[in-house]
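Sharing a structure below in structure tokens format, with a few things to ask.
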Amino acid sequence: MERLAKKDVLRADQFTRDEIELIMRRAEGYEASLSRGERLNVMEGKVLATLFFEPSTRTRLSFETAMLRLGGSVITVAEPKSSSAAKGESLHDTIKTVEGYADVIVLRHPKVGAAEEAAAATEKPVINAGDGAGEHPTQSLLDVYTIRKERGKIDGLKIALAGDLKNGRTVHSLARLLKNYAVSLLFVSPDPLRMPRGIVDELKDRGIEVAETDDLRTAIAAVDVLYMTRIQRERFEDEAEYERLKGSYVLTRGMLAERGGGLTVMHPLPRVNEIAADLDGYPGAAYFRQAANGVPVRMALLSLVTETG
Amino acid sequence: MERLAKKDVLRADQFTRDEIELIMRRAEGYEASLSRGERLNVMEGKVLATLFFEPSTRTRLSFETAMLRLGGSVITVAEPKSSSAAKGESLHDTIKTVEGYADVIVLRHPKVGAAEEAAAATEKPVINAGDGAGEHPTQSLLDVYTIRKERGKIDGLKIALAGDLKNGRTVHSLARLLKNYAVSLLFVSPDPLRMPRGIVDELKDRGIEVAETDDLRTAIAAVDVLYMTRIQRERFEDEAEYERLKGSYVLTRGMLAERGGGLTVMHPLPRVNEIAADLDGYPGAAYFRQAANGVPVRMALLSLVTETG
Amino acid sequence: MERLAKKDVLRADQFTRDEIELIMRRAEGYEASLSRGERLNVMEGKVLATLFFEPSTRTRLSFETAMLRLGGSVITVAEPKSSSAAKGESLHDTIKTVEGYADVIVLRHPKVGAAEEAAAATEKPVINAGDGAGEHPTQSLLDVYTIRKERGKIDGLKIALAGDLKNGRTVHSLARLLKNYAVSLLFVSPDPLRMPRGIVDELKDRGIEVAETDDLRTAIAAVDVLYMTRIQRERFEDEAEYERLKGSYVLTRGMLAERGGGLTVMHPLPRVNEIAADLDGYPGAAYFRQAANGVPVRMALLSLVTETG
């Protein structure tokens, strides 16, 4: 039997397909319980510490809601300037202290590798809620959960990841998680913002079909799921190149006219302008449902890693 | 039967007298339960999101206490700079996300109309905890609750609102709520800070007796309830005018000498210097009891708007 | 029977030995319950307000964890800039307001005497979590609890307090608490940072054996417990004096070589560089256990001061 008891959640590629499925099934169960209005007490008497050394309302509130919905309690550091770290304490010492208070620790930190460093300091489970340009594995797990729920399956789907694929930790982690499924991936980005070769090679080595394009319209016509992310102007050396491309990475309802229904549109949020407001009413616009899915998926993770025995 | 199930709380004038009385009776019930030390579980398993895009310790802690005393849980954004809004997310998108986490949302926002905008974005109940110079309806409900409790009734009372009546959202909302009762109102302010004509006309149209004065001493002698607010120097174009008036809007124990007992003194707090510390021992000084009344009144609102069926 | 019902916790020297022992036994009971994974509901339905007008992650999270582990709830002001105090409200008024919400108040404030001022404003128990250069009595109680747990007793021990003994509120409060026991104290500091004469005299008046040295190595050889604190460069008028001394107040594993085992090393944390990382594996390195002891000790205090009758 697959178990995640006492494990840390640090990287998307740490999970086997069986482990991902275990998390998905557990999350489905919790979602059903919540929709029936059931009171859960799985985490009663347990304490979660959310340590956010970099702000993130969405991820923090989602983890805290997950813990509270399970009957547990939360202590939090949401404001880095008011923390011991601001007094010069090392991450190691902060974690050694917090392990004396909490049963499980969720950490967001601006430094790549911070979650691994925290996990090395304590026996308590550590969940990486984003480490700088590194990983954000729980976002990817809720993305996979969303695809599964919106489409009924993952194997066999054509999935496009669009936007800044070079710098986005979200799309890196998602691509690595999707390696476990028989999907066909289309990477949609301006040339300077292509998916790193290393990740493309990892995917091909696992037998995943990968194609690349810089044309969002091509992707719209071809895929089941379109995962949008933001293009940031500051990533371009050539301003003219940015001006030429930016419009084509702003998804509007009009661009879906020829496609009709049947496309699932996702986005990790917050969006700035890359998905027009007129798309919100489109049946396949799944991004707010995707955000809500963070709660059952994080409930599943919190309960799985704190299981005993 | 009056119900508030699934309703938003946005403005003082949204309430009928029957709805106000429903809230008052529910609050009385909760206050009695609290004083008997009873454990309530009305909101067990439910989550309140307090989103404070502008700081307010008093209002936030009062709502959170209300939710916790009902057996519910709280997620909070108390520091605007650490929120997604700081990353450029629209209020609409923030609310669409938070509705995936919480059962009820309390919002304070610097922009007039923000609470209406939030309510339009979600099916979940939204409670306005202050929208800039706009409204603060839950403050007015606890003010009415306080008057009722201190005086045993509202109909037939003479009530003075004193201070900056031009700019104060608290006194605007309170006046609009008192329209539902057979009260006599006395507005006490320096001439440049008089109650807006629109509100005075609304009151007169409802048959409320309204008088105005710039003399606080006259009011002290004449009314049952004196509701003080702050006069802000920056509101005056004429510094000499401010200097002439400011002293008369600082309430001291000495000013109540001729009046004797029987006056109820209220203030929304925080006070700066408009009520002298020597008044705290006066039996009718109700402002700290008024602050405490925020808890049962907000318990009533939270439980009423989240009722099902 | 010793009782602390409705008492404030303001200074280390307010406690009799019997009261300290009452707290220690209560804390031991809670620690045993926690280690057996028992669910406690002593504070169910009760609310703790943590008011931190000065940041302190460790102390705040430790009090909040204590309250949550007892089944209670927490409201918090962790960010002074977002508080009513920032709007010019007096501490008296803030406390008079918060007493309407909470059953017990924990206060950290930059001003000496703030906790006494708060306690004077309310009937509700106030616990001092640090008032500027003043006192930090709950730190001292967990320090005594740690010594008792690590060594099995307190009477008869030789205890060294090392570092900046002139300015450290932690060592002042600890010395005053240890007056109640038959200990022998060694104060280890550079000459300009010696323990204030007043405290030394208090101790001697109580029959406590007191010695002083500026040599940390002497202390290592002589004592059962070594309590380290930080030496701050800015405290020295003479830079050369600081450079001469600083090395001798950085404790390394090597310095314990001749001593062997049997020394208990404590530190209130956060450390900066005064205890080398290589000491963490030393069996007597108790500082992270000491931090964890904050939870049962604060559980004991919260439950004792809120007892009725």
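For clarity, chains are labelled A, B and C in written order, and residue numbers in each chain start from 1.
Quick note on the criterion: a contact is a pair of C-beta atoms (placed from the backbone, for glycine too) under 8 Å apart; a residue touches a chain by one contact, two chains touch by 3 or more.
The shown structure was predicted, so the numbers you read here are calculated from the model rather than taken from an experiment.
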item	value
Residue-number overlap at the chain B/chain C interface, same or different (half cut)	different
When chain A is superposed on chain B by its C-alpha atoms, the rotation angle in degrees, nearest 5	120
Geometric centre distance via CA averages, chain C-chain B, whole Å	41
Residues within chain A bordering two or more other chains	78-79
Chain C contact footprint on chain A (complex, rising order)	44-45, 47, 49, 73, 75, 77-79, 81-89, 92-94, 96-102
Sites on chain B touched by chain C in the complex	37-40, 52, 55-58, 61-62, 64-65, 68-69, 78-79, 269-272, 277, 288-289, 291-295
